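Every chain is named by a letter (A, B, C, D and E) in the order it is written, and numbering of its residues begins at 1.
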Amino acid sequence: MAEVRFNKVRKKYGSTVIVDDVDIVFPDGSLTVLVGPSGCGKSTSLRMLAGLEEISGGEIMIDGRVINGLEPRDRDIAMVFQNYALYPHLTVLENIAFPLRATKTRRADALRRAQDVADSLGLGALTSRKPKDLSGGQQQRVAIGRAIIRQPAVFLFDEPLSNLDAKLRVETRFELLQIQRRLGITAVYVTHDQEEAMTMSDRMVVMRDGRVAQSGRPDEIYARPNSVFVATFVGSPKMNILSGTIADGAFTSPSGSRIAVGSTPAHDAVILGVRPDDLTLSPSPTGTAKVALVELLGPRAIVHLDASDDRLTSVVDAAALADLPVGALVDLSVRPGALHLFDPASENRLIEV
Amino acid sequence: MAEVRFNKVRKKYGSTVIVDDVDIVFPDGSLTVLVGPSGCGKSTSLRMLAGLEEISGGEIMIDGRVINGLEPRDRDIAMVFQNYALYPHLTVLENIAFPLRATKTRRADALRRAQDVADSLGLGALTSRKPKDLSGGQQQRVAIGRAIIRQPAVFLFDEPLSNLDAKLRVETRFELLQIQRRLGITAVYVTHDQEEAMTMSDRMVVMRDGRVAQSGRPDEIYARPNSVFVATFVGSPKMNILSGTIADGAFTSPSGSRIAVGSTPAHDAVILGVRPDDLTLSPSPTGTAKVALVELLGPRAIVHLDASDDRLTSVVDAAALADLPVGALVDLSVRPGALHLFDPASENRLIEV
Amino acid sequence: MTRRTNLWSVARALLLWVAALTVTLPLLWVALASFKSPAQLNDPGLVLFAPNLDNWARVLEAGVLDAAGRSAMVATITVAISVVAGSMGAYAISAYKTGGSATRFGILAAQVLPPAVLVFPFLTMAYALRLDTTYIPVIFAHLSFVLPVITWFLIGFFDAVPRSLEEQARVDGFSRFAAFRMVVLPQVLPGIGAAAIFGFTLSWNDMFYGLILAPTQETILPVAIAAFNTFRGVELGAMSAAIIIAVVPVVIASFFIQRRLVQGISGGAVKF
Amino acid sequence: GGVDAPDSSGLGDIPADTEGTVRILMESVPDTDIVVDLVASFNETYPGIEVEIETLAFDQMRDKLIASFQSSEPAYDLIVVDNPWMDDFVDAGFLEPLDARIDSTTDYQPEDFFQPLVDITEVEGVRYGVPFYNYALGYLYRTDLYDEAGMAVPNTLDELVANVQQLTTSDRAGIAMQPQRGYKIFEEWANWLFAAGGSIYDETGNPTLDTPEAAAALDAYIEAFTTAAPANSSNWAFDEAFRSVSSGQSASMISYNWNLPGLNDPDGASGELAGSFALAPMPGGKQVLGSWSWAIPANSAASDAAWAFAAWITSPAVDVERVVAGGAAIRESTLSNPTVLESGFGEDYYAAIIAILSDAAPLSQGLGGEEMIQAVGTELSEAVAGTKTVEEALADAQAAVERIQR
Amino acid sequence: MTSTMSFRWAMLAPVLTITGVAVGFPLGYALYLSLTDYRLTSRGAPNFIGLENYLFVLTDPRMWNAFSNTLAYVIVAVALQTVLGLTIALALQKQKWIRDLTRAMLLAPMFITPIAVGLTFRFLLNDQLGAIPAALRSIGISIDFFGPGNALMTLALIDVWQWTPFMVLLLLAGLESIPRQPIEAAKVDGASAWYTFRRVVLPLLTPVLTVAVLLRSLDALKVFEYVYATTRGGPGIETETIQYFTYQTGIQFFRLGEASAVAFVLLAIVMTLIVILFRRLQRSAPR
């Protein structure tokens, strides 16, 4: 229904620049996930798009029309706020029905549809409660219900599932996605959940300090992060990063850690990145790294390694743990083709290896 | 320092029972994670322990002393609220230093310590801001700072990291754990994050509808959930659950799905649970299940399968995806020893298979 | 931003102008009157004239400034007591729904009863306790209506403060009272400021209790102002001057009080 | 005597060496200012008596006075009493009887006081006060306008109505009236009642308000109000009327005799019109009388000293000084005193006052004076407002007064 | 928790103590007087006459007239003040330019003793001497502001002039203390400014608004000075208010016992009304 475009959008509080000449395109009908460290300007961007925050510079366009000066209600947007922002004086049902009532839907109709939405979010039994009598997760679901009851041109979700348990989160995520897909509504979605970011999105925008660090398909970003920052930010546990040299199929750090890297060309000075899942461990009495700590995550485990001065992590199948007691020595190697190299000066990705 | 004990603790709002005769022991110096679906009574339990909510029945004891009627400040507790509850009129630094004012710490000392805490939480540059000028994640960190500046007998954390990005979350989690371990403070920690629940806790308590569904070491609970509820609640993606019969090394559901289960004894009617990570797929032209959707999660992928009327998920290495295009037919089998069987009537775990 | 917004801001400006004029024109008339001679006073249209200071001289000689000082003292003491006791009471009522209707509304009784009926009991009390040469009876009489008003005034403001703030402070190791004083109270400062201003005006404006209960010879301001309403007619010029004396300092004071309070709180609460 | 004595000595002549403090509550009017100015000269005779005068506006003074009676401790040693209160105060025992003091005071000449003023101080044959000043009413008018129109001062009520109608022009009213509810309208209308030949009470003290004379007076009053009074003046009281007349917007008014000097004062409210005003008795010669009297509270802490001051200030010699200074008359001899005639406000004025004071009656007699005045004033106001007919209003007034007398 | 009880009563203690003395004693004393034939001019103990005063005043049409006058006055004045006060407060809240000054200026009328306000308007509204009728005449309007049919409304308008600032003061403070988030949510939810105001701002403002209306009504109920300074209850008994009536009965006519009875009848009626209204409101309130 609507293509959203940020054109050199900028936001200042006083003299502090919070969002800095950001260009983003949110294609019509797509779901774009916005990720980035706490305080990087995600909520601010959404709020500018919603019309709640004045834009200090640049343009925001919906379907080619500049909407900078438009009132929020004229932008045809629905939003789930990070802090829920429920109406404290209205019941759950009235909260959910509010957007319909505001746009002149008949009361009975609005309440009926709100009841359907509440049911679909598992709030069916709570509809006559006031927000203060709800748990955190229930409040968040009310906020979601309020957003999805309408069919706006654009959906804005600011960490909409952060207070839901894993099971409910998957279900609700699915519900949201279905609605968004079915109605073809352009959606912008802020989340801190890596899984959410990876699985839901058509596109992913990684922000850092008010700028776009990288944008693209999530699997692309995961596979080819364009900087050390993106590389460590996307993916959990985070990518291992080491500075050193590559020669003779092995990477060596100044402190002496050694990782086998196959047939990678030699580099004098390079930053090497390897995801924990791609770091394979082979127990060996002459291994250069030592198992420091093992965290069990169900089917897999995170193995923390001391390799000289570097601390590395590797994810291994729980089944392989028997060979990896704490203190065991291991040799390190990188799964073929899973190596990331960055320029030590700019920290940007080096041309493909 | 302090062992906390819930003794048939009960909470009612009007006639609705929210927490129902709960018995829990939080051993001295341990960190216990409280998990459960939204609205199951986690926050309420913490609030009763903190002294903010009257207890409708039973006793809460700290170190053997009943504290039911005690004022919060006499309980020596620090708490991070789910909704932060920052003091709007105080700056970040003053917010963090605030609890020290109760202990008559000199102002300069208090502010210096608050500055240290702020630095350790990455808030160093924001100390003179008011809460309303912070992002969601920053606010949450202030709330954490305010809790950890003191050395109470008990820490209560109500989803303290829900608004932090993965990287920061891991760091902050580590910070919290260190403090808790170093000072030996008994901690109760509510989270929705499975990884957090699994990795941080000494003990885990799974709640459901105001009751304790299971408690124990997290890996134990993961390995041997005592009910269908716990089985599906703990672990992500959630465990596949199917009703059917077991005969001749294979499970068959009424609709005809078939899963090879090795040498499991026969059962006439049983609920079978298998974690997605334990469900192995072998492409086969005669396979009984069909790949419906593949979600890529970086190194691994979630494969959604249609098996007759059942919808199943499996987690596979991204490398294996080449053989599993959408529409491909697969045979299903369970990794040896990874089978969970439940009684169809009570939904409780059957004696070990 | 848009045309609708412009329209609204024009309407808003217009409204404020009309309001400001409605307020100021009568006051301007009063200010002009304070410089008019008796003959000039009879000409409502007279704006340009040679100002004369007789009225001001008369007012100063009549001790209006002293009366204003006494009124300010009475009002300040009344308001100070009322703000302390009232904010505590309002909080108890708001947070704990204390006391049922009897207490909550009982304290308003003095607000309903005519002063004409209450003043004699006060007077009896003053004589019995031999306080009739002090301001204590006046202050007490003023407390009888200022305190309930301030208490009620603040209930609505305490209602708006999220309970979680107080709870957080209690978990942070503070007693309920400390939580109230250090966390809840600052959230309602604008309300307290407004309540104090209002309480002050009630005390500042009261003539009846002041007349009968204040010590003889030491009139308070409203009595002094009303004294210009004589049997031989209202001394409009002098009364106008006295009104200006009564209004200007209080307006200036409320200007600074409001500014401080609004700055002090800088916006509402966060995240609840 | 000689020192403060809570119990009255009843003496008339107070020794010059008497000591004490006399606290006096007075109304803040020019007459009081004149008294205040005379205190210094009193102290030449009585150096040991300190006079403290507290002044308040009329209504405040009354409230304060009543409040002071509630005190067990005396609050005032000498007070001034308005005529409607006299009976009630006496009835309550607030006032000390003064017959003995008056009769035994040397050279006091009490018979020189205008009789209507003395009547007011008398309750059941006992005098409880001595006159302080009068506020009898009269007809105040613009001589220039009367001359211009070639008219004479009215002698009958009909003439009064006709005159004021004739004086009315598009930018000037013939008469500024004071129909404010309560005291004001009754005080004004009673003059019309007297002019119509009516009275408020008969000889036995019964009200006579529903008589044909009263109806005629009220009809005439309403006619004048609708045809010759300023527009939109149904709430007017003394102030408005005085300002209207002094600013030339009305040609005449019925008001207190002592307004004349003020109106004719070039520095006063009338400005250029000063000098063109004159005073006449009401048509028919009888008018309403108001009067203030000095009285000593029964709980006065210095009743001798109080009497010393009251007797001194009302003595014939001092009275001359007071009237010359602008005080309202209480003694006939003063008004024929050469000093007064020379340095006062003119012989015509004093002649008119003598005429006025020789035939004047107060609004109320007996207990409940204030209430009676308010009740009648309310009914009259209803009639003027048109919410009651003249007959209804007067009948109700009569009934109200009868009820109050009971 | 038991400490909750003791804490809340401790917090209430100062108010209760002070009102107990400053209100309780006079109230009790006045109640006693209302059962006697006490007159201000009587010395010594008054006679106990039971409910006689009450029977008298309850059947006195003048009291009921005063009561209905007062009621009409309160309703008109407070309704106007509420609407105006809310509008001005909303406008002021958005104002940026010299806002503190404007705010302080708009409050000025509150700081004048009501008797002086009454006197000032008595002359301002005077047909010959006042500026307002002069201005109105120039556009062909002539009103007898204090004449039959108008006087009570004129008094109510004076009340509006003097006390709308109070509403502005309270409501402005109230507006500033309501949370911003729900309002933002409403904007995004597509609500018009008016709908947001009606369905979000107004309900959130209700506690403050209720208190404002309550306090103002109780204060307006005590209207005395304006009547005293202008009409003295006239024309006829059109503007005789309950306070003026009690003042006359109790002080001018000395019958304090009877006046006290009037006061308690008033108190009973007003308290009943308040409690009923509050019960209603509480049921629909956000908390």
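What we mean here is this: a residue touches a chain if its C-beta (ideal position, glycine included) is under 8 Å from a C-beta of that chain, and two chains touch if they have at least 3 such contacts.
Treat the numbers as computed from the prediction; the structure is a model and nothing was measured.
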For the pairs D-E and A-E, output the one whose chains share more C-beta pairs in contact. D-E
For the identical-sequence pair subunit A and subunit B, what's the CA-based rotation angle in degrees, nearest 5? 180
Taking the mean of the CA coordinates per chain, how far is subunit B from subunit D in Å? 93
Between subunit A and subunit E, the Cα-mean centres are separated in Å by 58
Can you work out the whole-Å distance between the CA centroids of subunit A and subunit B? 20
Would you kindly tell me how far, in whole Å, the mean C-alpha position of subunit E lies from that of subunit C? 14
Using the touch definition from the top, which residues of subunit C touch two or more other chains? 41-42, 120, 124, 176, 187, 208, 226, 229, 234, 265, 267-269, 271-272
Among all residues of subunit A, those touching at least two other chains are 71, 83
Give the residues of subunit D touching no fewer than two other chains, as numbers and ranges. 59, 63, 70, 243, 247
Sort out for me which residues of subunit B touch subunit C in the complex. 47, 50-52, 71-73, 77-79, 81, 83-89, 98-99, 101-103, 130-132, 139, 146, 150, 156
Touching residues on subunit D, where the partner in the complex is subunit E: 59, 62-63, 66, 69-70, 88-89, 91-94, 179-185, 230-235, 237, 240, 243-244, 247, 249, 368, 370-371, 374, 378, 381-382, 384-388
List of subunit E residues in touch with subunit A within their complex: 179, 181-182, 184-192, 195-196, 199-200, 203-204, 206, 285-286
Report the residues of subunit C in contact with subunit B in the complex, numbered from low to high. 162, 164-165, 167-176, 178, 182-183, 186-187, 264-272
Inside the complex, what are the residues of subunit A that reach subunit B? 13, 35-39, 42-44, 82-83, 122, 133-138, 140-141, 158-159, 162-170, 192-195, 198-199, 218-219, 222, 232-233, 235-238, 275, 277-278, 295-300, 302, 315
